Structure formats: C-alpha cells, structure tokens
Amino acid sequence: RAKGRKPWKLMLQIWKIVIITAQLVLFGLSNEMMATFKEDNLMTFEHLFLKGFKDHWQGNYALYTKADLYDHIYHYTNLQNLTLENLAYGKIDGKYTPLSVCQLLYKNSTVDPERDSFYIDPHIDEGTEIRPAEGLVFLCRTFRTLLVSVNINFTLKTINLQTVRHHELPDCYGFHIKIIFDNCAHSGKIKVGVKNDVQIHECKDYNVKASGKIDYLVLIVLFSCIQEFKIFFQTHFNKLVTWSERMEFVNGWCIFINISDTLTITGSVIKIGIQTKFLTNYDVCSILLGTATMLVWIGVIRYLGYFKKYNILILTLRAAFPNVIRFCCCAAMIYLGYCFCGWIVLGPYHDKFRTFDKVTECLFSLINGDDMFATFLNMRDKSYMVWLFSRIYLYTFTSLFIYMVLSLFIALITDTYETIKHHQKDSEPATLLHAFIEEVPESA
Amino acid sequence: RAKGRKPWKLMLQIWKIVIITAQLVLFGLSNEMMATFKEDNLMTFEHLFLKGFKDHWQGNYALYTKADLYDHIYHYTNLQNLTLENLAYGKIDGKYTPLSVCQLLYKNSTVDPERDSFYIDPHIDEGTEIRPAEGLVFLCRTFRTLLVSVNINFTLKTINLQTVRHHELPDCYGFHIKIIFDNCAHSGKIKVGVKNDVQIHECKDYNVKASGKIDYLVLIVLFSCIQEFKIFFQTHFNKLVTWSERMEFVNGWCIFINISDTLTITGSVIKIGIQTKFLTNYDVCSILLGTATMLVWIGVIRYLGYFKKYNILILTLRAAFPNVIRFCCCAAMIYLGYCFCGWIVLGPYHDKFRTFDKVTECLFSLINGDDMFATFLNMRDKSYMVWLFSRIYLYTFTSLFIYMVLSLFIALITDTYETIKHHQKDSEPATLLHAFIEEVPESA
Amino acid sequence: RAKGRKPWKLMLQIWKIVIITAQLVLFGLSNEMMATFKEDNLMTFEHLFLKGFKDHWQGNYALYTKADLYDHIYHYTNLQNLTLENLAYGKIDGKYTPLSVCQLLYKNSTVDPERDSFYIDPHIDEGTEIRPAEGLVFLCRTFRTLLVSVNINFTLKTINLQTVRHHELPDCYGFHIKIIFDNCAHSGKIKVGVKNDVQIHECKDYNVKASGKIDYLVLIVLFSCIQEFKIFFQTHFNKLVTWSERMEFVNGWCIFINISDTLTITGSVIKIGIQTKFLTNYDVCSILLGTATMLVWIGVIRYLGYFKKYNILILTLRAAFPNVIRFCCCAAMIYLGYCFCGWIVLGPYHDKFRTFDKVTECLFSLINGDDMFATFLNMRDKSYMVWLFSRIYLYTFTSLFIYMVLSLFIALITDTYETIKHHQKDSEPATLLHAFIEEVPESA
Amino acid sequence: RAKGRKPWKLMLQIWKIVIITAQLVLFGLSNEMMATFKEDNLMTFEHLFLKGFKDHWQGNYALYTKADLYDHIYHYTNLQNLTLENLAYGKIDGKYTPLSVCQLLYKNSTVDPERDSFYIDPHIDEGTEIRPAEGLVFLCRTFRTLLVSVNINFTLKTINLQTVRHHELPDCYGFHIKIIFDNCAHSGKIKVGVKNDVQIHECKDYNVKASGKIDYLVLIVLFSCIQEFKIFFQTHFNKLVTWSERMEFVNGWCIFINISDTLTITGSVIKIGIQTKFLTNYDVCSILLGTATMLVWIGVIRYLGYFKKYNILILTLRAAFPNVIRFCCCAAMIYLGYCFCGWIVLGPYHDKFRTFDKVTECLFSLINGDDMFATFLNMRDKSYMVWLFSRIYLYTFTSLFIYMVLSLFIALITDTYETIKHHQKDSEPATLLHAFIEEVPESA
C-alpha cells in the first residue's frame, strides 16, 4: 500500500521545489539589479567625494594632515557638472535641501598636552545646519582640534533607467549620503567614510508603457503552501485528541515541513509587499525565501530515504547527532578558552584577533585550512614575550584541533557509519522515519 | 595463453601514449606562442588606450567624471608614432578602414530626477560610422547623459615576427579592437574595457625561406588510431551476430578506448586544418586532443591492473562508485539548498555570492580548504540581520560539510577498500575486467 | 554520596568562570582602546614623518637615493601646525627636549671600491645630541657614505581624550619616537622605520569629574581564588603526611586547577597595579589573565566528564597522549631535518625560508593546508639546480607529511578511540579521574 | 649484550648531530649575510635603473611606448652621485670598463603590416660595444622597430662593509649588471629586467686586523666522518668475502649512513674552498650540507626504533611503502593525464597552467588545499566552451583526487598501521632492522 502512493507525493514535492525555486530565482534577479545599482552608486560617490580614492583600499581611507582635510571640505559644490549620472540634489518645497553639516565638538574645552593638563566639558555640541555655499567657508574657519567628527549629509536623487531594457518601470532612488570625518579617537588619523542610505519609491510622473506584471508565481506558491498547511492540520491534528499525542506526533520531518511552509508563506507575502512598493525590507524577504528554499531542497532527502541505500547519509547524521553534540560541547569549552585567551593577549597586536567574533572566526578558519603562515607572520615584530606566546598559542591550538579533535571527529563518524551498516545488514531497522511515513495518510 | 600477449599490447599502448603526447606537446608549444602574442598585444592595447592603466587592476578600469571621459575619447589618433610594435591601421581598397563609433543612446528622451519624472523612448539609437579625424570631435559635442554605451571599433594589423627565430613562417594578425565605454547601468560608473578579436592569416608577400614542415606525426597518429579502430570493428562486431550481444560487449574499457580514439582522430584532423590555416578554432582542437591524451594516459591503468596488487585504486573506485553516486545525490540536495539560499541572501552583499555559479564554486572551494576568514571578513559592515545570517550560514555549512559529509566520505571509501581487500584475500575475484580481457582477441 | 555534591561544585565552577571571564572582558575592552590609540598614533606618525608612505607597504619603507634621504631629514620642524592631533613636543625644565640625532658612523675611515681597498676603524662614533633648529642643517652637511645609521629621537606628548566619552579619566601619553635610517648593510637601500615607545601616566592638572571606579570585580576574583587555594591546601596537604603521598596526589586536574588559580591571582594583582598607574606591563597581565581564563574554561570538561558519554574527548586525548608524544618525537626528527635543510638551501632565495623560525612556521603551515602554489612560485627564476632541489624538497615534504604522517595520525587517534569505546562497553573503567574525584572532599 | 652498547652509539650519533648542525648554522648565517647583501643590492639597482619601479611588482616591469623607452635609455650616467652606496664603475688598466650595449636587431629587414608583407633576414646583428658618454645618443638615433633586444652591461664594484661588525674581513663584490629591454615577442610590450651576476673576491688592499679564523669545526666534522667511514669499511667489507654477501649487507640504514657521510665530507671540503675564496659555488655546498644534515637528523629515528613503541612511524612507513608506490603509480597516470589535458586546453587562458611544470604544481597544490576559488575565478571571461571545460575539469579533478584518492590513501595507511599493530602484539617481529643491528659490531 505504501509503495503505491510514493510517486504521487514525490511529484508534489518536485512541483513544490520547481515553483519555489523559480520564484526565488526571479526575486534574486531583480534583487541583484537593484543591489548592483546601489553598489555602483556608492562606488561613484566614493570616487567623487574622496579625493584620490582607490578601489582596492576597501574603506581604509584616512586623512592625516590639516591641509588634506581642508582640501576635502571644499569639494562638494558643482556635483552635477562633474558626473555623467542623472543626479540631482534633493528639493523640498521648491528649495534645495540643505547640505547639513553636523560638527560634533567639545565646545568650551582646552587641552594642553605640553603641560599634561586639560579642561573638558564632556557635553558634545551638535553643530548647525548650513547651506553649501556659505557653510563650508564657515566650517573651515571654526575648525579646531577638539573636533569629534564632521558629518556632511545631503540627498541625491536619481532614476534607475536600466530596468527600461528589461521592460520594467524605472524606480526613483533617493540616496541619503553621509560623509563622515571621524576624529573621535583624537589620534591624528581621521577616518573618512561615505555611507549611503537608499530610499526607493515609484516615480511621480512617467511616460513609458510597461505591462503591469502581476506575479502569478507568488500566488501559486502561496496557494499550494496554504493548501498543504490546511490539509496537514485538518487530517492530523484533528484526528489526534490529547495534547500529549499531538506533541509526540510533532517530530523530525514534520516540524521541518511546517517551518519550511511557514517561511515560504511569510516570504511570499513580503515579496508582494515589495513588488507593490509597499515594503522595502529586501533583507528579511530574501532571508525568509532563501531559508525556505533551502529547507525544501533538503526535504527531498526524505523521499530519497525510501530507497534503502540512499539514506545512509541522513541516517548516519541522525545517529551521530547526539554524540557529535556531546563531543562539540567538550571541544567548545577548549575552543572558547582559546578564543578568550587569544583575544586578550593577541588582540592589541594582530588584526585578526581584534574583536571577539573575529577571533572565533579566525580560529575556526585556521582549523579548516586557512592561510596559517600569514597569521604567524603578522604577529612578528612585537615584544619578545608576546611573540613567544603567540607561537605557543598557535602551535598548540592547531596541533590540538587539526590533529586531535578533527581526527577524533572522523573516528566518531566512521564508527557511527559502521554501526549503521551492521544494523542495516542484520535487519531492516524500523526507524522512526519509516514508522512516521506509514502513519501519515496520503494527503499530507 | 593470456600471459603471452600482454607485453605486446602494453608496448602498443606505450607507443600510442608516446606519439599522442608528442603530438600534444608540439601543438601546445605552437599554441602557447600564439596565445602569449595575443595576450601581450591585448596588454599593450590596454596600456595604450586606457590612460593610467595598471596591470594589477584586472579589468576593473572605470571612469567616474565627464572630464575623464572626454580625455579618453580624444586619444586614438597617432597610434603608429606611439608604440614600438609593427602596427598599421587596416586598409580596404587603399583607404583606411573607418574608426567606427557605435554610440548607443536613448534618442528622444528626457530624464529629470529632481522632479521624479522621465520620458523615455526605449528604442536605442545605434549611432553612425565615422572616420577618426572628424568623428571624435562630433562625438564629444553630442555627448549626453542618456548615453547607453560607446563602442569604438577599429582594425589593427601586425605580423608575429617571433616565429622567424623558430624557423617558421611569420603569420599576419588582424586585431579587431573594440573599446567599450559601458554606461548601461546609468550609475555614474562607466566601465571601460578593451576587447580584441584576432584573425590569423598567411601574409601575402614574404621573403623568408622556411622549409614547409609537413607534420608527419599527425599522420602517424591518425594512421595508428584508424587502424586500431578498423581492427576493433572487424574482429569484434562482425563476430557478434545479434544486437543484444553487441550491446553487452560494449562496456567499461571498451567504450573508453573507442572514445579516446574518436577524439584523437577528430582532434588530429582539426589540427591539420589549423596548420594549413584553413581552420582557426584552436579551442575545439585543444579540448579534443587534451581529452584524448588524458584518456590514453588513464587507459594505462587497465594494463597495470593485470598485476594484481596494482589495481587496488581502480577496483576500489569502481566498487565505491554506486555508493558514492547515491551519497552524492543526497549531499547535492543539501548543497543546492545552501547554494540557492546563499545566492539570494548574501548575493547583494558579497562578491563571491554574486552569481549562482560563483556560489557553487565558492562553497565547493570552502569545503576543500579555501580561505574562510576572507569570506567571513568581506561580509562585515552590513545590516546586523544579514551579518548574523551570514555567520550562521557559514558556520553550519562548513561544520556540516567539512566535518560530517567529508568524514562520512572517508568512511565510505575506507569501508569499500576493506571489503575489496577481504575479497581479494579470500579468492581471485573474476571481475568483469578480467573476463573482458580474456574474451578480447590479440589484435584488439 | 558522590552524586550529591556534584551540582554544588559545578555551580562554584560556573561562578568562577563567569567572574573571571567578566574581569577578562573588562580588561580586554580598556586594553583595546589603549591599543588602538597607540596603533593609530603610530600610523599617524608614519604618515607624517615618512614622505609618501602607503598603508599597505607594511614597514617595507626604504630610500635609495641621496636626494630622497636629504628630503626626509628636513621634515620634522613644524609638526604642530601639520597635524590635527593634540600633540606637543616634550619639555623639561621649561625647555624643549632636544631632538637627539644619533648618527652612527665609522669615523676615520676611507673606502675605495674602485681600487678594492679600504681602511676601516671598526669603532663606531655615536654622534651628538642636537636641537632641531640648528641640528638638521649640520647633519646634512656632514652626511657621508660611511654612515651606519641615523636615529632621530624625540618625545611627543598627547592626551587620550577618547576615554572622556566612556566616563573615564583621560590619560596622558608620552610617545618616545625613534625614526631610524638604517644603512648598516651598506647596500644602497636605506630602510626607514618609525618606532614609538609609549609611556602612560596620569595627567597632572585636569578638570573633569569622573567617579573613581574601584574594581570590585578584581577583589571578588582575588578573594574567591585565594579562598579556594587556602581550602585546598588545608584539606589535602595537611591530611597527607609523607611527601611521597603528597607527590602521588598531585596529578592531572589538581595541578591544572592550582596553576589556573595562581595565574589568576598574579594577573589580578598586576591588573590592580595597572589600574592605579603603578605598573604598565599590559602584556604580562594579559598573558596571565588570558591563560588563566583558558584553563578555567578547559577545566569545565572535568565536570562534563562526570556524565559518562561526555568524556570521550578527554579520555581519548589522555589515552592517546603517550603514543602521540612518541609519534611526534619521530616525526619531529624528520621535520627538523627538513627545516635545517630548507633553511640552508632555500633561505637565500625565498622569503619564507629566510630565518629558521620562519622555516618551521612555513613548513608547519604547509602541512595544514597553506597556499602551496605561492610557495612554489616564489622560488622560480633561480639557478636550475636550486630550482630542481626546491621542487624535490617540496614534493617529498608535502607527500610525506600530508599523506603519510597525517594519515598515520588519524589512524592513531581512531585506534585509541576504538580501544576506549570497547573498554567503556566492557566495564566502567575506574580511571584515575574518578578515583581522584571520590577522594576529594566537598570543599575543594 | 646488545643493550650494553646502545648508549655509546647513541651518544656518538648525538655528537655527530650537534657538530654537523653547528657547522650548518654557522655556514647558514654567513650565507644569509651574503644573500641579503646581494638581494638588497639588486633591489637598489632596480630602484635606480628602472624609473618608477615599485617593490610589489615583482619583475613585471614593462614599457609600452617609445617615449618611455627613450626616457629610460638616457638614465645611467651619474650613478655615483645618486646613491648612498660605496659604488664604483669597474676599471681595467686604469680605464673605465665600457658600458657595453648589445643591440640585437634584424639588420636589413623591412616589415609592412599594412600590406601584409615583410622581408626578413633571420640573422641577428649583435651590435657594438660603446662607451656611456657617446653611446647612448647613438643608440637612440638608430633605434628602430625591428629591434629584438637591447642589453646594457656594466660592472659595478662595492665592498660589503657589514662584516666588519662581525669581526670578519669585508669582501669585495663585483656586480656584473645586465639591463635587458626584451622586445623579442614584437608585441609592443617591452619587458625590462635587471639581472646582476656577482663575483666575490678578497680585497687587494686593506687595513683592518681581523683574526684569521680557522674553522676548527669543519676539521672536526671531516675527521669524525672520515673516521666513521674508515672503520665501517675495515670492519665490514673486509670481513665479508664474496660480493653477494657484500651486496646483501648493503641495505636500508647502512646505505643511508654512508650517503649522509659522503655528503657531509664533500660539503665540508667545498665549504673550506669557499672560506678560502677558492670556490664560490655556495649553492652546491648548501645543498650538500643541507641534505647531509637532514639525513643525520632522520638517522636518529634508527636509534629511537630500539625502544619498541617509538618505531611505529618508521615501521608503518616501511611496511606501507610498496603499496604506496604501487598506488601512486596508478594515481600518477590519472594525474599526468589531467596535467597534459589542463596544460593544452587551459594553458593559453590561465596563468597557473602556462607551463607544464606549473600545471603539475598547481594541481598538486589544489589537492593539498590551495585557494581553489581564485583558480576558478581567473578562468572567467573566456569563450563559453573553454569556460565550461574548465569547470568540468576542476570539479572532476578535485572530487576525484581530494575525495577518492586521498581518502583511499588514508585507508591504505590505516590498514597498514593496524596490520603492524596486530603483528607487534602477537610476537616480537624479527625485522630486518633488528637483525642488522645485532650483526653490526660495536665500532660501527
């Protein structure tokens, strides 16, 4: 009896995979166009606003002398004649939005390093909004060393014409640009960064006829998921009377499928919101849809598991899971110990150990074969004690984790694999998986 | 009886390897000279036509301001006085071929980002062909922001004199150069690229006596392969009467050898075509010859397999094959799930996840020990949610694949190896391989 | 009986972990702020004092011509007008501290490479202290080719204002800057480096009210550690009479915990010293605290080991330890042989093999999956013999260590794991660990 | 009886290790000083002679326009005033050695790419020697496009003063500098390189008293090695009468030790030659000494093998050796097939596949965890067919070798390890090693 319904369920699953993936791909393609447009614009702004900017610097743009700084401040007036893009400064009520300059500084303070004395009023003065023309001259006049940071804010508007060629309506983009001269460390190094926050909205007045594409795909996805959901609840939960029975039932693949469906539905709803320019949180939508798609693909393994020889991977993973978790608990203790120790000792001397999450990533990467020599090398010319410590630290860490822990992990998996194989040979194991399948009626 | 003919067949195989490899090496060397000449020329063109080009930029050359762009357009007139190469502009019927400038633009369109309004005619105007002298001035006059792209095409001719020193006749090269100013994203960043398409032909008028080298090697290769082919069909296929018998016969090494021979013959024929300047598809030829050579080399293992202890590799691989395929099916599901999810979520924020095939490559590389920290690092300063997602994504992916799946793979192979070894100890296994060998008559 | 006290001890351990880690984190954060301030200042100095310095050079700044050198020497006078930082030259007794210029040179020496002759007095003249104004002119006048090195020393004072925003008192920093023009190789390449040695002290005269934060955490840590220490010695050592008994007792975790406590106490005491500006050896303190924290975290495994299935990691590591050590002895012999050989032969031709400790790091990294192709590549264009040697060297090394030794290591661990597992199945092993636990009274 | 003599032989071995390593270290240190001096000088020359040279270019310096080339040629006259080094042009018989300019060009040739015609006389004219002053003007006048290459040769002399500080006598260095403008590809890209060939000799006339250090260490090494050699031959070979007996005796460690001793003696003799400025082949000497030291260190394992548990590494390696070799034969066939195929197809499109030995290195590195994504990436923007081929090629290669072959290798070693272990448990195996030891008398 069970044999008879398998193909039908598999086909349903394949159908689900196809439409969910198709939806994902379409969303991905339009998302990509938007993302590259934003990125290219940010790059353009960096090249226009940061003098002598080079692409390969990756945000390490910094100024060191007064002359360089003044040079920069006087730079943002005739933007429209400079660039080839269709840019315009923002306008509110027919007037240009001001180029607001936020000048954070300690106001009534004096610092005299020569005599080791200072008087500081920790309250930070937030500066005034000024229009470009008169503002920048004023800025430079009042420029003082007790400056904390200068933020220059302005709005640029542009239209993403690219979409015309894909027969979609161009959107209007508002870039809220913030140029930050960050001197809060007072170390003589002023970091300069350009940040742009984008606002996408429909253009008010346009003249291109493009077919209002209704996204039938989303509707299909939504419909089939909700249907599946409904049937699932109707057939199973209503049959089972007590809560304890219900809780028992909810296991493994069952939870898996429900999560996947919930994510798909939520994602699709948000996607409709984005396409109607009602919502703009692309990130949430892509995370929901992405995770849903991943779960749907992984869900196929459930059906592959019907063929006895195919489920070795999933069986081994499941059987090894408790041991792996226990093993990882122990290993994590040692790992965290190393992380804390590395962060505190090597943090000040090595870029990869600067913050705690960087340390965890760096050590995790080292285990998996990252460039170790570079990590060794960058710790060189330090005090001898730290140098020695870093050597001992790295040698013991890599030896312990790569040679011992990883080898033990392989032993663990190999062992589980062999247990599973012997079990399979001896008898058809009545795993939970198969028991579950046989209980579930055809409609699920 | 079987023992007696082995050396003869092995020698034939070695002879085949030697001449096929020799042919490959000769082709490779002449191919390399041609390839470096093309590449060096492309580099020269980039340095001549792209102002301030640096080698290590690797094609990320872009312009951001109008001034830079105009500066570039006025640049291509007195090429011959500039370079040290033997270059000449192409001539047709005694007149210089025009410097065709393809100016793609939206013709009757206006865009006003300030008022969020635009009128666009999506038809793209393809621009006119113009001669260098008068053309470029005209170009700059009509240069507008609604430009989609400017392509400058022209033909340069040169002679590859290098071959004179290797006692070969120099060829004449026609480089069809295309300089592309790509503004189709309208993001203010105009990507500039130089592409050269090369046409190689014999020079018309020359005065160096070089011996017309007939490539005997190709003929030998061709002859021996065809001979082998002929004998194979005569002896085997004619003996076997029914189709079912024939299909049964065609297995493993047999198919292997026939594919190898077919590729060799096709490749050699194309090679003759190339040497007589009749064909120019170097790529097809090199792929055919390369694959053929690879197969011939791998084919040696068949003969090594006669010595019982040598065939452990090939036996294990063959025995493990079905399990490996099944295992890979399951792993591929999870892998594809991760790929889709990574592409959609991280695509806009990370270079390595931009396109789907890049994602598959990146994840595949991560499993095999690529630089993980760099992958982690480049995802930094994003929105907190994406940042968190990327961490979970990467940690789970690497843990799952490097620790679990890879360990299980090792377990799979180890297990197969042990099975094979026990089998070998117990009895001489009458594998298909040996059965096949005994059936094949001496001439094959 | 043993079951009853476990939770109490575990809670004590968790409490210890929490407070020690909290202390570490607090120290780490303040340490980090200090470290970035120092580093940013060093970077600022490099940009101010080394003309045309680029960040990505990483200390490879060098001069090659006389003109460049003179250009540099005349550069350090009007620093205060140049930078945005609150810098001041140091003053002693109301006078500026001199810009001491240490000019090391061979005094009465002549060198004539043209005639292969030289007269050298190996005594090095140490040069005089000079004030900036008159000094530098004098320096350039007397500049000669037999110069060994010029060190320019001066003191800059600044105040780390950043801490004001974290409601801490700003410290005064004295940077002892040393600009070194190193010509001791006499090879025409003069390496230039900036080193800054920092002295941190409380400012004399200030006017910001910040609460004098007493570090209660340190006191808690100290108290609990000393308490633990005291109890440990009272309960155990006094009970045991003979020394042999004592020595027997002192094993494994026992030593472990004592070391951890000792480190914590020493580190905490130094930390108090640092916070009261009495001591400045941040490095020692961070190494002590870091190691202590690491040990405390690893110590948790001891308690996890009570749950039978959790201690597989630690049991395997302990059981495999003697074999691993023996194995490593043998491997180390081969490893050291390769190191010496690589250093002597490839040292002059390859950056990674320049010093002996670099060789050990490079080979160790190669085993663990470092970028091998780059290592191969950088050895190219050398004499053919060295090139060939480097190939054989690298191929044999990687084959031997990655394929053989590492695989054997895995076999070793797998084997131990299986032994442990069989042991565990057969009977509850009365390990030393458990014996120890049962002997230790509740208070320990 | 055997137990009694072990310590003595081990001590002798340790003594040998110590003195041979000491000798190596001393040689290494003096070698290093010489090597850095040479390298720094080469760097200085590159910076002086190649305009705008940057360190990180690593020899990819090339010129593309006539203007740049002329600019370069007029550059080498007033060297002595430029640099800070003690440089002098070479002099022979009181006259400056000429700045020989080798101008290789096709003399009576005309090339007309416009008409696809050329007349070439393949004989290359070697150009004349000219003195700097008049020569360079002449050179530029006659500069033509049919130039193959221009080599500028001259000799610079300097003295390595650095050694004075180590109480050694400074040597005189003669740098034979060759600046090569390589246009042999006639592709418009002229590669420029600086090569320096160094000649080291004692200075003629000097005035520093340095103790004539006789290298006692070398003599000790030599003496002990020769002694060992002599005893070995006297005791063993003379006892054994027939050649068959002799050949039987010569196995394993015996050959090992003899090779090591021979290398040490040869290396030490060459080292004496170098120290007396009689020989200059540092490379040969360092290879000999390095290999000897490596062998001596590895030889220690022989003595560690006496302790039963220590010899697991060496026993496994020896037992696995025949299988490993057989296995590698098969794997090498597949590997070579891939190498040839990759070289011919991807060679023209990818830097890492340009030459055959690069391909072998690249693939070998890929197996051992090299950066795969970069390898994938650099093959991008090619014709679609090649792109597809490269993907299939890389995926199959890495899957086959990393997952299959490497896993099988681990299985092979694990298997051998277990066999050895079982053997050891069952009975003390009377290995060849022990048999040998018992036969050798005490003096060896």
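By letter and in written order, the chains are A, B, C and D; residue numbering begins at 1 in each of them.
Here is the rule we use: a contact is a pair of C-beta atoms (placed from the backbone, for glycine too) under 8 Å apart; a residue touches a chain by one contact, two chains touch by 3 or more.
This structure is a prediction, so every number in the text was calculated from the model and none was measured.
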By the touch rule set out at the top, what is the minimum number of steps from chain A to chain D?
2
Give a one-word verdict, same or different, on whether chain B and chain D use largely identical residue numbers at their interface, taking over half shared as same.
different
Just send me the rotation angle from a CA overlay of chain A on chain C, rounded to the nearest 5 degrees.
90
In terms of mean CA position, the chain most removed from chain D is A
Taking each chain's centre as the mean position of its Cα atoms, how many Å separate chain A from chain B?
33
Note: chain C sits from chain B at a C-alpha centroid distance in Å of 46
Two or more other chains touching the same residue: where does that happen in chain A?
369-371, 410, 412, 414
All touching chain pairs, where touch follows the definition stated at the start
A-B, A-C, B-D, C-D
Where on chain A does chain B make contact in their complex?
21, 24, 27-28, 31-32, 34-41, 43-44, 47-48, 55, 59, 81-89, 91, 157-162, 164-165, 167, 170, 172, 201, 203-208, 282-284, 286-287, 289-291, 293-298, 300-301, 304, 309-314, 316-317, 320, 324, 352, 357, 361-362, 364-365, 368-371, 406, 409-410, 412-414, 417-418, 421
Which residues of chain C touch chain D in their complex?
57, 60, 62, 64-67, 69, 106, 111-120, 122, 145-147, 183-190, 322-323, 326-327, 329-331, 333-334, 336-338, 340-345, 347-349, 354, 366, 369-373, 376-377, 381, 383, 385-386, 389, 391, 395, 398, 402-405, 407-408, 410-412, 414-415
